[in-house]
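Got some structures for you, see below.
Two complexes, one shared chain (subunit A), two partners (subunit B, subunit C).
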Partner chain A sequence: MRGTRPVGTTPAAGDAVARPARRIPLSRERFVAWADAQAGAVLVLPAVLVILALSIFPLLFSLYLSLSRFQPVSGGFRFHFVGLLNYRKLLLGSEQEHFLGRLGDLGVTGWVVFALLAGVALFLLARSLVAGPLAPSRLVGHLLVAAAGLLALWLVVRTLAAGGRPGTLVVTWIYVFAGVALQFLVGLLLAVLCAQQLPGRRFFRVVFLLPMMITPVGVAYTFRMLTDTGKGPFAPIANWLGYANVSWVNDPWGARIAVMIGDLWQWTPFMFIVLLAALESQSPEPVEAAIVDGASRWQIFWHITLPQIAPVASTVILIRLIEAFKIFDMPNVLTGGGPGTATESLTLHAYVLWRSLDYGTSAAVAYSLLFVVTFVGIAYVRLLHRRTTTLG
Partner chain B sequence: MTKLSRRRFIAAAAAAGSGLLAACRGGQEATPTPAPSGGTPGAAQRFDGVEVNVITFTGPQIAEPLQRRAPEFQKLTGAKINVITVPFADLYQKILTDITTGTNSYHVLVFSPQWMADFVEPGYLEDLTPRVEADPALQWDDIAPFFRNFSALYNGRIYTIPLDGDFQMVYYRTDLLEAEGLKPPQTWEDYLAIAQHFHGKDLNGDGVPDFGSGIAKRRGAQSYWMFWSIAASFLQSQGTQQGAFFDVDTMEPLTNNEAFARALEIYKETGKYGPPEELNWDVGDSRSAFVTGRCALTIDWGDIGTLAIDPEQSKVKDKVGAIILPGTKEVLDRSSGKLVACDQNTCPHAIDGVNHAPYAAYGGWSGAINKNAPAKVKDAGYAFLSYMSQPAQANVDVTIGKTGFNPYRISQFENIDLWVKAGMSEQAARNYLGAIKDSLNSPNMVLDLRIPGTQRYQGVVLDTVLSRYLAGELTTQQAMEELTKGWNEITDELGREKQKQAYRASLSIR
Partner chain C sequence: MTLRWRTSPTRPGPLAAVVSYLILSAWAFVVLFPLYWLAITAFKLPIHVNEGPTYVPFLDFQPSLHAWRYILVDLRNDTLRPYLNTVVVGVTSSLLTLILGAAATYGLSRFTYRIRLASVLTFLAGAVLTAFAIARGLPWQLAVAGGLGAFALARATALRRIRGPRLGNADIAFWMISQRMLPPVAIVIPIYILFQRLALLDSRTALVIAYVAANLPIAVWLLRDYFQTIPIELEESAAIDGANRYQILWRIVLPLALPGLVATFLFIFVLAWNEYLLALFLSSAKAQTMPLLVAAQNATRGPQWWYMSVLILLMIGPVIALAIVLERYIARGLLLGAVRG
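On to the complex of A and B.
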């Protein structure tokens, strides 16, 4: 409103007459306008200060921690600045194998798998690039994702190849990507089931939600008992099958799968409840029209239901992706990160270092995690989330 | 032992918080009430109104006797003892954080003497030498020489009062070995042979096949002590001051040579005769398996001796034998890195040609005093530690399994009556105490590592390498290289010369 001239006054005459008389009211008006403009900032200030104190300060301080070394000294402690030494230790030094893993030999099949996966990823990226306007920022973004993605893929394929060992970084990726994909699929299946007019569906809705309410440590302890083939409740069955003397938490993949099953059990309900809400709130008209047109149930699901719930599904996957990077309780309690370091996640890695007061390296691990999560989160939002939400 | 759940974390934080409150209260109450001093020294000293915060781990071991005896002590002296407990895995950093930040809410620290260097070097601990010298009731000379001359000392000064005698032994089932006409293991090869012999047989009459050996190999628990029990006799043969971790002249780790490789292989091979989930076992699991008759052999601290006579859980009462850690007939030649046969020069302390090196793993829970505590609180804290360690109290506590206290005084293993009174048969008591005596009298006992960063050397690098080796992630050679690289990195980070001096100081080498 401010700054619009009243219609119908002659500009020249009005200005000439009004200017001297309006001096005082104008400055007051200016002050009000100024105050008005600042009001927003003033009102937001307390919140900003709280965020600065609670979020930005720890963030910066832990960055400093990751560049320093903790030393107890007489009468207190001090942080000794060491530059990038902690990161060097992680990427090149003694923690390299623990953090990144050991690279195996890619055989012919390994190269074929790598080339195939890389090809599919690049194809999808290229398709996403040409789908929108070709701005330089988008090009740079896509190139960055392509480079980081290829590097990550190379690390995963090499460490999972014969003779290689995945480090905590790759193990965390496995938990995140495989785990969240499984949780989404199972959650979607259950949600579709519960959206049908089936008897007892109200009861099952509540039952399917329960795992989410239990503390993760409780879940982890329960799974520790369940996976114990010597004393656990499944011991008689394992005995009967002849597996009494085989413990599946002794095998690296067995242990990782055990951790993922526990995580699946715990977090599927979250996917389930959000997807169920999305399914129930979709508009019935397109579905009814499709039925009239003689579409099959699969066609209805694939072409009508799925696009309708895509924005919600994409959001819930994003939330779980970020959350899953921080997996801690399950490997810590279920396997203690073992056998070896097979089930150790990044958070557990940082915790083990922190426990021996190696704050610097611990913070470096945590910062690497932050970097990876941020990158994955932004790439996901830019490449997938926006497309699904704008389509929806 | 090492699981940090959110719940536990909160509980620990709450405990720390209440400790803080207690400290403030203690301070307020202590100042206005000057305790009447004087009277006869020792038990009759009064500390009315003084409150002492003692921190130790959650237990129930170790914490139980402290909590049980605190009211007695209060009746005797008027000092109030608050026992604060935190999960074991948090204990080290909790205490160090408390002191480094200047909070000083813990006055008496009941912890591992292994961490001493981290506390003594920056000057956090009270030098107890004058107090001990002026305290006849403590009967310092009754404490076994190893604990008196090595465990409690740093650079020749006394910083801790031993409350527990820790060193490892091998336990075997006397009934099984007798029935088969076998002798208890003298060497680690014997250990493997006996384990193989009994593996897969039903050892407790329940119709289910049992295991030859059961050792706590879980990561983040006690695995690295179990392993060093095996490695010790291969690495050290010239007496305690030779050291079993580093070369005392160069600070080069003794972890990449033929002897170490042999020890790793033996440790791995015990798994062939062990339970399938052994890699997930901590001492809780291995102890309960042994006393319920599921294993023929195990490695452990003194605890199994007293747990085996506990009628509530034991199925092997008076069927348990203990013996000094098995040894080896070949030891490390440090100049060449090869194994050489034992003779008078290479193994001067050998018994029947076998070099034994009993390993004082962990070093025994000991009490130390925070230098920054108020003077009166320090006096009361010292009196409490002395009270706990005096034979009248300690000689009863070490015979009770749940205390977690193991014998460390000469009077404890010379006095058979104590143990018979606690429920052991005379023969079992003689056998158990004999093994303890053999270990403690050995001039080749191995002092556990206790230099700055001990927790990182053992609890992080060694523990991780071992678990990866056992899980098949590393070959023997890779494990040794990884370990040596990791240890050298810590040494260089903390200063090689400084670490060397600290290592020599811990071994009391002048």
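On to the complex of A and C.
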């Protein structure tokens, strides 16, 4: 039904150029007729204007902010244009260790890991390139993704190596990629189990949905209570293992894992609920046919169910990828970004800078985040999402 | 055996059922235990918390209402005000979002829009120039009027002859929905400065405006499908009977889309209820919302888990009730959104 112009002969709105005004007596009917003719614009314009005013213009202004320095002057403030200085500061200057992290020394194992991961990534990319028509635009796209991916991988491996320390960029990547992968796997497992004919599955469905609705701030504090090694419910276990009064908050990986567990708890429901709905709406005939042909449970899942839900699965992963990049509440409340900056995400980094009145660098961090999100989003859609949606 | 499978292809065998139940129950425990712990901590005395964990009320410890009394009676206004703020901001912003979103979505599903890209770019360029003019010290009334005048002039003369690419409905919808990609932190500082200039910082109005902008893309995304499933014939017959657009929308379309509208409203409401980042930037004392109040607990008084549990319970109670009511709608809405992309 999309794109049809059904009722009456309403002219294409939105581009309605004012017609030559004839002198006509004002009347209610004419006004109603005029308003009717403008309905298209009247309906859409408010939303467009709100988004323009509060998303697009702030975005442009942010770009300007990221290129300038905030200066308080008497009776207010002004922004002094400094060019790319703020970005330089992030990548090379005083904020480098905070943003990118400190590079460690790659030992032999580090190089092996890096080479292995890079090899796998390049192999997958090459396969995806060969799979389609060899157009220049696709070649350039794949090369870009390969370059960016290798650079990112190099940064991750170097900062996680001995003596290194990941910056907020790498920490955010860890949250996003490891977090979303975990959430997807757990969500898929639960959805597959819940899609079976089991008595009482409605109970599970409602219970599994709950965490998604709960304020992240509340979730964060609840997990702080639970993970307290002295007063939390698992204190006896921690005691027994010899970890009594060892505070995970002081260990970078302990803190990061706590943040990721909180995030997993909160966002698995989203994956679960959408995947379950997708599983329940798939057509039963192929499965029945496969059963008649004697296919095993695993074969059915791998060859029939998974391809059927692939488009939806790909979309929820995309949505979660984009949302996960914005992670803020959980690390801010759970660990305050600490120890040091070990659990700080990019949004939190921008917030910390904003609080210290460094608006320019804060905007630069925000813009870097926007750039990374956009790049990952577009690469994901081009390389994976399109294929699943056209195949499925 | 084949026959049994065919009648119900997803019924598991006994072993599979047991394993399934084990896994599902394990995750249900993972989900519910934190909530249980929250609930019992809210009834503990400090001594019951500080002397190591106690698990079962009445057996391990004697429940007490002291934390509830402290939060609801002693601190009455300090708790009530943020609560009221959250309710007011949540309801107002969700209603506004719903109205704007429903109108836009309906328009996009029933009209054909073809806007010249050149017009859009001219408008944007004009707006940026106007902003610069204001920043350089021109009175804003003059700058805005000049900008609009220039745009109208350009549109009436030069733009008419350009035959560039046009933006259709799908482009507009995609543009709106793609705003979800925008990290809020990338736009919050300009919004902060804007509200500071308008003297709206730390007011409910500021939060409402910010939340409308933040949630509008989600409303459009969720509502798009509901409007497209409404049969167009009803609207056509109403038009033949002489109803105008607005009457059709008000009398026929909105009642038919009511379930979708309610579900979308509640979903947006939950998002606004839980929102933290924008509230952190835009409000401090007067317009403080519940997430801020909860987050502030730690900073002011150290981890006093019993008070914090009460606050968290007060905050999540309504949304848990909503989640139970909403379960079906959410699944459907999100699935349709996800299929469409």
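We take it that the second predicted complex is superposed on the first by the 337 of 392 C-alpha atoms of A that agree within 3 Å, B and C clash if a C-alpha of one lies under 4 Å from a C-alpha of the other, contacts with A are read in each partner's own complex, and residues count from 1 in each chain.
The criterion applied here is as follows: a contact is a pair of C-beta atoms (placed from the backbone, for glycine too) under 8 Å apart; a residue touches a chain by one contact, two chains touch by 3 or more.
Since this is a predicted model, take the numbers as computed values, not measurements.
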| item | value |
| --- | --- |
| Partner chain(s) touched by A:217 [first = subunit B, second = subunit C, both, neither] | both |
| Contacts of A:351 with subunit B and subunit C, given as first, second, both or neither | both |
| Partner chain in contact with A:230 - subunit B first, subunit C second, else both or neither | both |
| Subunit B versus subunit C as contact partner of A:86, first or second or both or neither | neither |
| Which of subunit B and subunit C A:183 touches, first, second, both or neither | neither |
| First, second, both or neither for A:308, with subunit B first and subunit C second | neither |
| First, second, both or neither for A:343, with subunit B first and subunit C second | neither |
| Subunit B versus subunit C as contact partner of A:58, first or second or both or neither | second |
| Which of subunit B and subunit C A:362 touches, first, second, both or neither | second |
| Touched subunit A residues, subunit B compared with subunit C | C |
| Common interface positions of subunit A, toward subunit B and toward subunit C | 215-217, 230, 329, 332-333, 351, 354 |
| Subunit A contact footprint on subunit B (complex, rising order) | 2-7, 89-90, 92-93, 96, 99-102, 118, 122-124, 218-221, 275-277, 279-280, 453, 455-456, 459-461, 464, 467-474, 482, 485-486, 489, 493 |
| In the complex with subunit C, residue positions of subunit A that touch it | 1-8, 10, 12-15, 17-18, 32, 35-36, 39-40, 42-44, 46-48, 50-62, 65, 186, 189-190, 193-198, 201, 203-219, 221-226, 230-236, 265, 270, 273-274, 276-278, 281, 284, 287-288, 291-292, 297, 311-312, 315-316, 319, 322, 325-326, 328-329, 332-333, 346-347, 350-351, 354, 359, 362-363, 365-367, 369-370, 373-374, 377, 385, 389 |
| Subunit C residues within the subunit A interface of the complex | 2, 5-6, 8-12, 16-17, 20-21, 23-24, 27-28, 30-35, 37-38, 41, 49-50, 52-53, 55, 100-101, 103-104, 106-116, 119, 124, 127-128, 131, 155-156, 160, 168-170, 172, 176, 179-191, 193-194, 209-210, 212-213, 216-217, 220, 228, 232, 235-236, 239, 244-246, 248-249, 270, 273-274, 276-277, 280-281, 290-291, 294-295, 297-298, 303, 305, 308-309, 312, 315-316, 319-320, 322-324, 327, 330-332, 334-335, 338-339, 341 |
| Contact footprint of subunit B on subunit A as seen in their complex | 69, 72-77, 89, 93-94, 97-98, 165, 215-217, 228-230, 244-247, 249-250, 252, 329, 332-333, 335-342, 351-358 |
